[in-house]
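Pasting the structures in now, so scroll down.
Next come two complexes, and both contain subunit A; in the first it sits with subunit B, in the second with subunit C.
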Partner chain A sequence: MVRLVQQRSIVVLIALLVALAGLIEVIRPGAVNANWVSNILEFAAPLGILAAGQTLVVITSGIDLSVANVATASAYIMASQAPFGVTRGIIAGLLVGIVVGLVNGVGVAVFRVQPLIMTLAMGLVVTGTLNVYSQASVRSVPGVPDVIHTLGSGTVLGYVPVSLFLWALLAAVLIVGLRGTGFGRLLYALGDNPEATRLAGVRGWQVLLANYTACGLLSAVAGIVLAGTVNAADLSLANVLLLPSVAAVVIGGTSIFGGSGSYAGTIVGALILTVLNSVLTLLDVADAVKQVLYGAIIVLLAAAYTRVLGRE
Partner chain B sequence: MAAVPDDASVADSSALLEASGLIKSFGPVVALRGADLRVRGGEIHALMGANGAGKSTLVKILTGALTADGGTITLGGRPRTFHSTSEARRAGLICVYQDPSLLPDLTVLQNLKLTATPISLFRHYLAELGLEGFDLQSLPRELARPTLSLLDLARALAIEPQLLLLDEITASLPADLTVRVFNVARQLRAEGRSVIFISHRLAEVGALCDRATVLRDGKTVGVVEPAQGGEERIVKLMLGPVAEEVAAEAASPSAPATGAVSMEVRDLKAGMLSGVSFMLRFGEVLGVAALEGQGQQELFDCLAGVRRPESGQIVVGGKARVFRHPADAIRAGVVLIPADRLQALLRQRSVRENIALPLVNRFSRWGPINPRREKRRVESAVKRLQIDTRVQSEVRRLSGGNQQKVGIARWLASGFNTLLCFDPTRGIDIGTKRQIYGLVKELAANGSAVLLFTSELPEIQLACNRVIVLFGGELVDEMPASEADEQALLRAAHGLPSEADAEQQAPEGA
Partner chain C sequence: MATSVAAKVSGPAGINAGRAVRRYGWTVAVYVLFATLMVATLIVKPDFGAFEWNTLTLAALPLAFAAAAQTMVVLSGGIDLSVGPLMALANVLALRATVGHDLRYSVGVALLVLLEVTLAGALNGAIIVLTRVPDIVVTLAMSFVWAGLALLVLAKPTPGIPLDFQNLAQGSTFSPWVPNALLLLLVIPLVWIPLRRSRAGLAIYAVGSDRNAAFRSGVNLGLSRVLAYAVGGFFAACGGLALSMTTGVGSPLAGTYYTLSGVSAIVLGGVSLAGGRGGMLGPLAAAYILSLIPAVLIYLGIDPNYGQMIQGVLIVIVVMIGGIGTVLRRA
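== the complex of A and B ==
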């Protein structure tokens, strides 16, 4: 059993996913159908994209606590700029992510601030700035342009969510990139042993800077997709997704201590969390309780993985 | 010097610990296939074997860190199986493992509390090991490797074990500290306690141990008394049929080379190092001989771009260079193999990724990796160093010696023109050692330049053409390898004049 978990953890995770779906079917017979699957994928996509950036950062043994704030801000800026042109709105939204990611990267990679502190502080700065911005601009909560609404909640052939295409594309780039490019290798190397990586001639700060920027960009994309999914861009849009973004990474088997993990695992993690959320909603569990649950899952899994995978 | 103690003839029923027929495999890798070990009360017992023979696995099983797949262990005549290290500890068995075990981010004191170690006894043994006045509030992350080993040892001693197991503790220790460890071990023996001692240095085993059990490929192949000229038998048993070959390869020292200058160091100053100048030529292996802490670490770090010199010049390929980062040195073709493999390896990553790291960083940069080129280069380096890669997963699952080889292999795979080897054979078995020195010579013969520091002076002649000697941060002597026997090197490394001069001045000082 232990060996199975070690070598085929993704199989175990998928089994867990199926078990959760089975549970829903038991609670409410007939609930698990094509429509349900389509819904799950639609809601998992923004979380999966948000957790993609988180995966990149956690692999380097860092963490980004600003992803949710960035997603919210990007979506808001996108929506508020959209009246001047949707493209302009999207670019403005993505820029928010890139800029915040860059600042995070400079703090962590150049000034060597603890990632936890740097990104927590940046998250607060982003949210504060967004509040000021929203009060300064006269308009009330901006509406979401149609294109984004279609991206976030449209379907093809009745069941396949449009956002799934974007998610799949990003996933392919990440999975192949982590495995088959120098950049991916260096992320794992830095997470495993920064000193050894330096001795091998790697200038780690450049890699980290690029990595936090990529995380910021992915957060922005996730925020924009999410705005389309819920068809709103309010000031607390993605805030509930911070813990799930970390939980998805941890459930997916990426070590919190860095140096190992994969995005494929995170995808399954995001799906599990979305299904779990749907179970809890069915059972009428309050949001606060859900957050407690996500926290507990992170701690338990981190402990379980360290035990099973043995840190000798 | 260590004679077999009087109770050597006592029947084996007096065995303190008796393990027989131990079997252990990790997936497809069989680490132990019938290992026997019998340790008497009041003896220092060596455990010998080539890299990957199963020594560490055996001590881990004895102390409950691993469970055997088969075989029996009796302690004081009673069958015992330990399921955890703390269970073994309560029974009086404790091991200082090959890699430091203190948690890096807790203070030493917190670490001690975590393992319920008696603090006053710990302090007592620390003092005995030469670390009196050590600050218990320091973080292991910031401590040097030898200090970490001694802390582990003191922590083990503090529980007053019946049987102490030492897995290659001396590999990371300088000579003076090794002597202290020996004294502590002898003291335990005098009190009727026992020690299991693992080391690749035959001289240490000969000086310290009463008996030695030799493992080969996971099996016990003999028990020898090293003090009575048994060292040769140990080597034969350890290496098996290849022993003859290895002995034949121990060639005579090479003549000084006359190739072009690869690197010129002018008046280099950094920390302990106070103004050193020398030249390194292509086609030669230049040895550096020095006692612990005479500035050799600073020298290598400066040459490899790990630290900045305070003053002086490093000229490579005819140009004065400033190495701000190891990457600068690597671009100039200068690469470093550090002594401590923990400093060089990605322990969770595969052998392939470890070896390919500089290769990827140099050729692929951040872009796509060419898997075929990577595989080809990695495989040829693995073959050349005969790395045991039955374990395809994480590097931390390799035996200590094989990990060390991975650190060397990466530079074979990525290429260089000047190789800086800082004590590259720590924890490497005697067969492999010869093989590595053979490789170093071959690299030089093919036109590379090699600067080699080794803490084992007799090995200088095995590999080098020429030797420089550092003492007190200065270059005090230089000689061709043919003159650099152990005596001459020791004298120079202690800052004493050469034999000829000494005879003129003070004959009794020789």
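== the complex of A and C ==
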């Protein structure tokens, strides 16, 4: 039994997801319907995409604490540039992610700076620059263009969120890419044993550089989708998603020490966190209590996970 | 077994010049950077006087404690991303309990708050040790718990810290050039020096630098790590009380800034995030440097919004220089 659980951890996670949905149904009968599922998917999509970048980095035994700052900055710059053309706005937003990711990558891969401190400092730089930019160039909080609004909160056939298509596409690329491509296997190798990878003739710095850039790009995409979902792009848009982006990865079974894990797990992790939020909202308690419960439950989940699977 | 570790850490210093440079070089460099910045400040603002110095010490006080808290935890090989919320918790607890009371009562409350938040820090450590979930995940999640509790204690920023209690930090009892806010920093060496010289302090360094070696030397790993988090909680509580004294306000969100700035300060101060290497002197100077930058920007007439950006860039440059050093030594 234990072995089954260890090998098929994703089954346990999905069971947990179903149990949480069941809890909602018990608290408020009839709440779990097609509309609810559609909502959950819509709000899980930005988090899932943000956690995708985080998964890539964590697999190489790094961490990116600038994902939320990058997402916020990308969304803001996309929205403020959109009046000059939506395409220009989107490209500008994505460029923010690529540039910050590239700098993170240079710091971590070339200068061997600890990922934690490198991305933390870059987060400060991004937020500081964004504050200066917002005061220098924009008169009011920019509006979100219609295309992005549709991307973030539109639905097809009444229930299927538009953002789900983008998320599914990215997920397919990541799951296949991590499992089946040389680049994907190198990420696991670097996370598991960088020294052995080097001795095998891999230029690790190139892989890491590409990886952090990919993480920056995914963060930018997540920020833009999120701006569409909440139909606003303010200066603290995605900042609340930093903890969930790490938590989704950890709950999804990717080791924070690198070398193992999958994006499929992260997807379920992101869904669990979104459903958990929904449960807490239904409980109708003060925001402060919600926050305490949210933190405590994440600790409990991570602890149970570590214990059951015997992983660290 | 333990004595061999002891000899390594507190053996005769000063004989080996290369080792002295390796050990103290970074700290000296940080103080030189601070001195240079002070000189630059004096050039930019020739009338920099006791008042400006006092303002600087007040601004640096909470950050210095935040850095001390983070140093404790990082030396033991962990990281505490809930330092800011712990400070906020101490800050709002102090406000709720002292409002409308006299100095003696306030000091009593302060001692109680120190105890409570020390226990909160110890709880962080205990959860990490017992569940074996990585430090960063637990403290990130616990930061929500502590921030939520702070919000429960006090929903929005409220003034009302007794004036006498504020004056413990804001005045300058002895000389205008020795503000009380500078003297309060003495709490750090008062706790740190005895701890460092004790077995427990040595164990914290040992656990941080090589967990296996420490275990084989008979160090109680779990206890040492919980102790590091508890002392970290104590310093975070000091930081929260410092916020109360310097601002006179209880604010549930006041601590947010200090988690990241504290990490910035210790990295600038030469504490290795890998654990086991560094001390308290570097981070203290770094806290002053990071507090001086926004002040200099204001003196220069530059938008203080650049402050965060410059702080980030400074840290990136510093860690990259450190990184080059590592790469060159390996080559």
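We adopt the following convention: the second predicted complex is superposed on the first by the 282 of 312 C-alpha atoms of A that agree within 3 Å, B and C clash if a C-alpha of one lies under 4 Å from a C-alpha of the other, contacts with A are read in each partner's own complex, and residues count from 1 in each chain.
Methods note: a residue touches a chain if its C-beta (ideal position, glycine included) is under 8 Å from a C-beta of that chain, and two chains touch if they have at least 3 such contacts.
The shown structure was predicted, so the numbers you read here are calculated from the model rather than taken from an experiment.
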Problem - Which superposed partner A:185 touches (first subunit B, second subunit C, both, neither) - result: first
Handout entry: Partner chain(s) touched by A:196 [first = subunit B, second = subunit C, both, neither]
Key = first
Exercise for the section: May I ask you to decide whether A:118 touches subunit B, subunit C, both, or neither, giving the answer as first, second, both or neither? Expected result: second
Completion exercise
subunit A contact check, subunit B vs subunit C, more residues touched by chain C
Exercise for the section: Please indicate which partner A:298 is in contact with in the superposed arrangement: first for subunit B, second for subunit C, both, or neither. Expected result: second
Exercise for the section: Scan A:157 for contacts with subunit B and subunit C and give back first, second, both or neither. Expected result: neither
Practice task
Figure out whether A:259 sits in contact with subunit B (first) or subunit C (second), or with both, or with neither.
Solution key: first
Exercise for the section: State whether A:250 touches subunit B only (first), subunit C only (second), both chains, or neither. Expected result: second
Handout entry: First (subunit B), second (subunit C), both or neither touched by A:283
Key = neither
Fill in the blank from the handout: subunit A contact set shared between subunit B and subunit C covers 312
Fill in the blank from the handout: In the complex, subunit A touches subunit B at residues 3, 180-183, 185-186, 188-189, 192-193, 195-203, 207, 210, 255, 259-260, 312
Handout entry: In the complex, subunit A residues that touch subunit C
Key = 63, 103, 107, 111-114, 116-118, 120-129, 131-132, 135, 242-243, 246-247, 250, 256-257, 286-296, 298-299, 302-303, 306-307, 312
Completion exercise
So, in the complex, the side of subunit B touching subunit A is made of residues 27, 304, 306, 325-327, 329-331, 336, 338, 343-349, 353, 356-358, 360-362, 364-369, 371, 396, 410
Problem - Complex contacts: residues of subunit C adjacent to subunit A - result: 79, 127, 131-134, 136-138, 140-145, 147-149, 151-152, 155, 260, 263-264, 267, 273-274, 303, 305-313, 315-316, 319-320, 322-324, 326-327
